[in-house]
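Across the two complexes that follow, chain A remains constant while its partner is chain B and subsequently chain C.
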Partner chain A sequence: MNTDKAFRLSLFFFTISSFIIVASIVVSLIATSYPIFMRDGLSFIIRGAWNPVREDYGILPALLGTLITSAIAIAIALPLSISLAVFSSELIPGKFKIIMNNVSDLMASLPSVIYGLWGLFVLAPILHQFVMMPLHMHLGFIPLLSTRPVPTNLFTAGVLLAIMIVPFASSVIREAYSAIPYYLKEAAYSLGMNRWEVIRMMLGYIKSAIFAGTFLALGRAMGETVAVAMVVGNIMRFPKSLFDMGYTISSLIASQFPNAEAYEFMVPALYGGAFMLFIMGLAINLIGFSMMRRMVVHR
Partner chain B sequence: MKFYELTNGKIQVNYQSIGSGAGQAKFREGVLDFAGSDVPLKKDIYNEFKEKGGIIQFPVIIGSVAIVYNIPGAESGRLRLTGEILAKIYLGEITYWDDPAIKELNPDIALPHERIIAVHRSDGSGTTFVLTAYLSKVSEKWKEKVGADFTVQWPVDEIGSGVGAKGNEGVAAAVKQNQYSIGYVEAAYAYELGLNVAEIRNSDGRYVLPTSETMKAAARALMARLPKADEDWSGIFPHEVMDPPGPDSYPITSFSFVIFRQVYDDPVKVELLREFFKWVLTAGQESENIVKGYIPLPPEVAEIGLRGLEMLRAGG
Partner chain C sequence: MSFRKIKERIMLGLIAILALLSAVPIFAIIFSVYFEGMKYVSLSFLIDLPPPPIGDEVGGIGPALAGSLILIALALAIGGTIGFFTGLFLSEFSHTKLAQQTQMILQIMVEFPTIIVGLFAYAVLVLPLKRFNALAGAFALAIVIIPYIALNVKEAYKSISFTLKEAAFSLGLSAPTAYLRVLLGAAKSGVLTALLIGMAKAAGETAPLLFTILGSTFTYFAGLDQPIHAIPLLIYNFALSPYERWHQVAWGASAVLLTIILTIFLVSRMIIRGART
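After this line comes the complex of A and B, so read on.
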């Protein structure tokens, strides 16, 4: 009785404090970014400019850059992480499975600056030479591939992010996959399904976990700072194609924050960017969850 | 650290690398006892402190910005450029390597008809401040259109030929990876990473590389114009000291500063700051204590700092 009460009280305490932490983050984002919204209003989020000399800031290209790089990352990471999860739980024997899962979990815990340096010195030149230049040469008439690429650009950032988030998404999917009751699988086989059909059925069964893994990964992709700052090209301009250089909100903050206090409006502008990122993340999550609910009900 | 031993572990110097802009802002708030910065205090902060007891600031080391490039077939030290051409490249007005203006200076390099990729820092930095101050000095158009600061809006980005890279190491990597690119880094990085360094025309019309000799020559040429430690340095730094006279002067040479309040509450603090920075300005200037790519102060310039240290005092 008493322990029950204490347990409930402690739950209440932790819930409230995490709520307070999130709320105070939002409050401080709004309070600190207030001056830039008062001065520039909407034009701060519908223009592109980063000119500290004239205290002129507009972050739309960075918002677009965040969306583009995250979309590339998810598009690449989702099939990869599902395959990785299925592969490691269905197709390889026990010992290798443990090694592979450990390696994948280790990848998730590497500091992002390591990914950033690797991305800059290894991934970017390889992608440039073997992927982006050939694509641009042969398929350059497609608007998305029309910019002559330099090694650091939105596409490189998207691919690097994909590599960074695969372990996150795949570990969520893997855990859900291995939690599926065994009798379901046996029942499926007994009905005469082949392996491929069984895997497809099982993936259908864990749709909500795939969604959850995707959104967890998306959150990491949108919020990644240092690694992206090293490979995205860092140009505050509207991107003309996937191979164009750009900015993301998080990489803008990573690049500009250290000297921001030398200016009157740069700190508010960066907090304003963070606030917009928060709003964007919230919107994407809400849409995602309503989509998920619809899919789960349909099943 | 020696200093820690010297004070029997009673005093710790907590020196954090937070960027020149943040350093100045925190110093203004009174959080810091001293700050290091690539540029002196801005005029408004200086004036603010002038009323509150004054500021002491002086140079502690000399550094320079190297112009680096990647043109296949042109080794280090082969390319010659002028400040005006550099400004035009970053303004997006000169866009190809075989532009007549560049060709004229470099008759013996086979310059191809390739777009110039202009690499610049994406994070705010003192290096950018020094380079853009130089470009403002040599190009009226740069001064009007862009200006000098830790971060500027690069016109070359608007035509799609600019690349922003984070940190000196980022710029170095971008220049190495992009054929037909140009960039700027602290001279120390250029040599350490084996980048091709361009010769820049100085105000006497000679083409020079950033070496300890040319940096020293530039510092000597500036000596007569340097203010006293308690005066405002923002009037001449970094704009006015760029492109100094003298046949051997490297045009993009600058100083790094330390900044103090003139009055401290605690007499022990004054004594310690004096002791430590006296070491910095004397024994600290010997070559084994200096990172490669920087050079020691000429004794006359160190003297400004030593006099400045005498002006520190304790009191309410």
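After this line comes the complex of A and C, so read on.
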């Protein structure tokens, strides 16, 4: 039938457009960043410099900033998201469970610019006064806390990212948790385990889902742009402590791009940063996906 | 009380506290946005031009609101079409290798940093036209929402019972009629939800707009090849400006944006619940 064939063909073309888009994105990143890699080679990613007048660029501080902020985010978000997942699937009755899941879904769909605005004007001053200053005053001898904090810095960005990624991580964990066969739970209780011991056993059972959720959340944290750009401080230097102002790759791109056209190598340098971000994110997400798949096979 | 019992109490209490703690921010954010923002929102706030940075003029977010509506519509037209047919393909040809690979690509696209999409749109639509333009922004937003729409449309068509599909085809209908007329009715609520998710995403995204639309403050709409403004971009720019007056406009704009997002969220929940019962 002719219409059927035409219909199938058009479905096919719409479907492969996703491949074309992703391929063109990769090609455009490589093609635009190519000059900076040709000129500087590896030193572009293992040095710290941002001097457009001298056309001198090295993005290591921003790479470190990305790693530091997302490490803080994961460290805070992991216990929170495991608790949230367990709490909503184990400890509360059905009606509250739905409310809790809806709240979590709403958190995931809030625009990041709203998180950023709240982070800048509400969270940052609170953290500064009640968390960072006390920590710095009393524990300032620890190198990680040694910088005298201003409200916007790497730590604030990490905390804000943690708040943003909790719903993602917890929904992955929640899904795995609710898919655990019921007989396992029954068996555990019949052995005389108490509720906490059962929960601990179940969490052990879905270990790979917890890892998968963590990696996917890590990928989100590394790529998040505007919320971070609003609270990270935006200064290109090697961070001396968690309380130092800094950059992440994505916030570097967001705040430097408007004046990039004026310089010969700045656009390539920013696309080079984006390319590094793409590679790191892809690697982390592929690890996350493969763990997720292992989980399915395991079951 | 035995040691085991004490440990159980402590751990369960800790889980409850941490879980509730992780839900605190969303309420704090909604409260702050409405508390700070609602003071400035009025009908004229939705229509007027932004105020100068200094002075008492209240001003508004008219151009940004108009721009956002245009960008959302365009992004849905482009991304919705591609996403819908991709989702239909994924559901109906799920056994093919292409479907499995597409699924993978879409999952990668969901996790893609959206700022990279913005850079891509800049390279292919801003540089050649030598001007920031609305089309580049809509294109970037469309790329961002394609995977969300496709994956949800796929689920919608997957959920149609096989007997209904069989019946549609046994009537001798052509594939387009069967999928787009008869079966679309059965998948309606799922497809609508998919479009709403894409719409919410397009309304809130900022990073894809940073290098594409520029944000023209004083015109509502001048053409697809001209700069345009958007609410998220206005919030970002004004929040980072040094002017108190603009911070207030940013809060007001956030209240408007949050209302849009909450409305879409509630409507999609209602559709899902309606479909279940």
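Everything that follows uses one rule, which is that the second predicted complex is superposed on the first by the 256 of 299 C-alpha atoms of A that agree within 3 Å, B and C clash if a C-alpha of one lies under 4 Å from a C-alpha of the other, contacts with A are read in each partner's own complex, and residues count from 1 in each chain.
The rule we apply is simple: a residue touches a chain if its C-beta (ideal position, glycine included) is under 8 Å from a C-beta of that chain, and two chains touch if they have at least 3 such contacts.
The model shown is predicted, which means the values in this text are computed figures rather than measured ones.
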Which of chain B and chain C A:120 touches, first, second, both or neither: both
First (chain B), second (chain C), both or neither touched by A:256: first
Touched partner set for A:142, first chain B, second chain C, both or neither: neither
Of chain C and chain B, partner touching more chain A residues: C
Partner chain(s) touched by A:216 [first = chain B, second = chain C, both, neither]: second
Which of chain B and chain C A:230 touches, first, second, both or neither: both
Partner chain(s) touched by A:9 [first = chain B, second = chain C, both, neither]: neither
Set of chain A residues, in rising order, touched by both chain B and chain C: 120-121, 229-230, 254
Residue numbers on chain B that touch chain A, as the complex places them: 18-22, 24-26, 42, 117, 122-125, 146-153, 157-158, 160, 162-166, 170, 173-174, 177-178
Parts of chain A lying in touch with chain C, wherever the complex brings them together: 1, 3-4, 7-8, 10-12, 14-19, 21-22, 24-25, 28-29, 32, 79-81, 83-84, 86-88, 91, 100, 102-107, 109-118, 120-122, 163, 166, 170, 194-197, 199-200, 216, 219-220, 222-226, 229-230, 250, 253-254, 257, 270-271, 274, 277-278, 281-282, 285, 289
Residues on chain C engaged by chain A in the complex (per definition of touch): 4-5, 7-8, 11-12, 14-23, 25-26, 28-29, 32-33, 36, 81-82, 85-86, 88-90, 92-93, 98-99, 101-102, 104-109, 111-117, 119-120, 123-124, 143, 146-147, 150, 174-176, 179, 197, 200-201, 203-207, 210-211, 232, 235-236, 239-240, 247, 250-251, 254, 257-258, 261-262, 265, 269
Sites on chain A touched by chain B in the complex: 49-54, 56, 120-121, 124-125, 128, 147, 150-152, 229-230, 233-237, 240, 244-245, 247, 254-256, 258-263
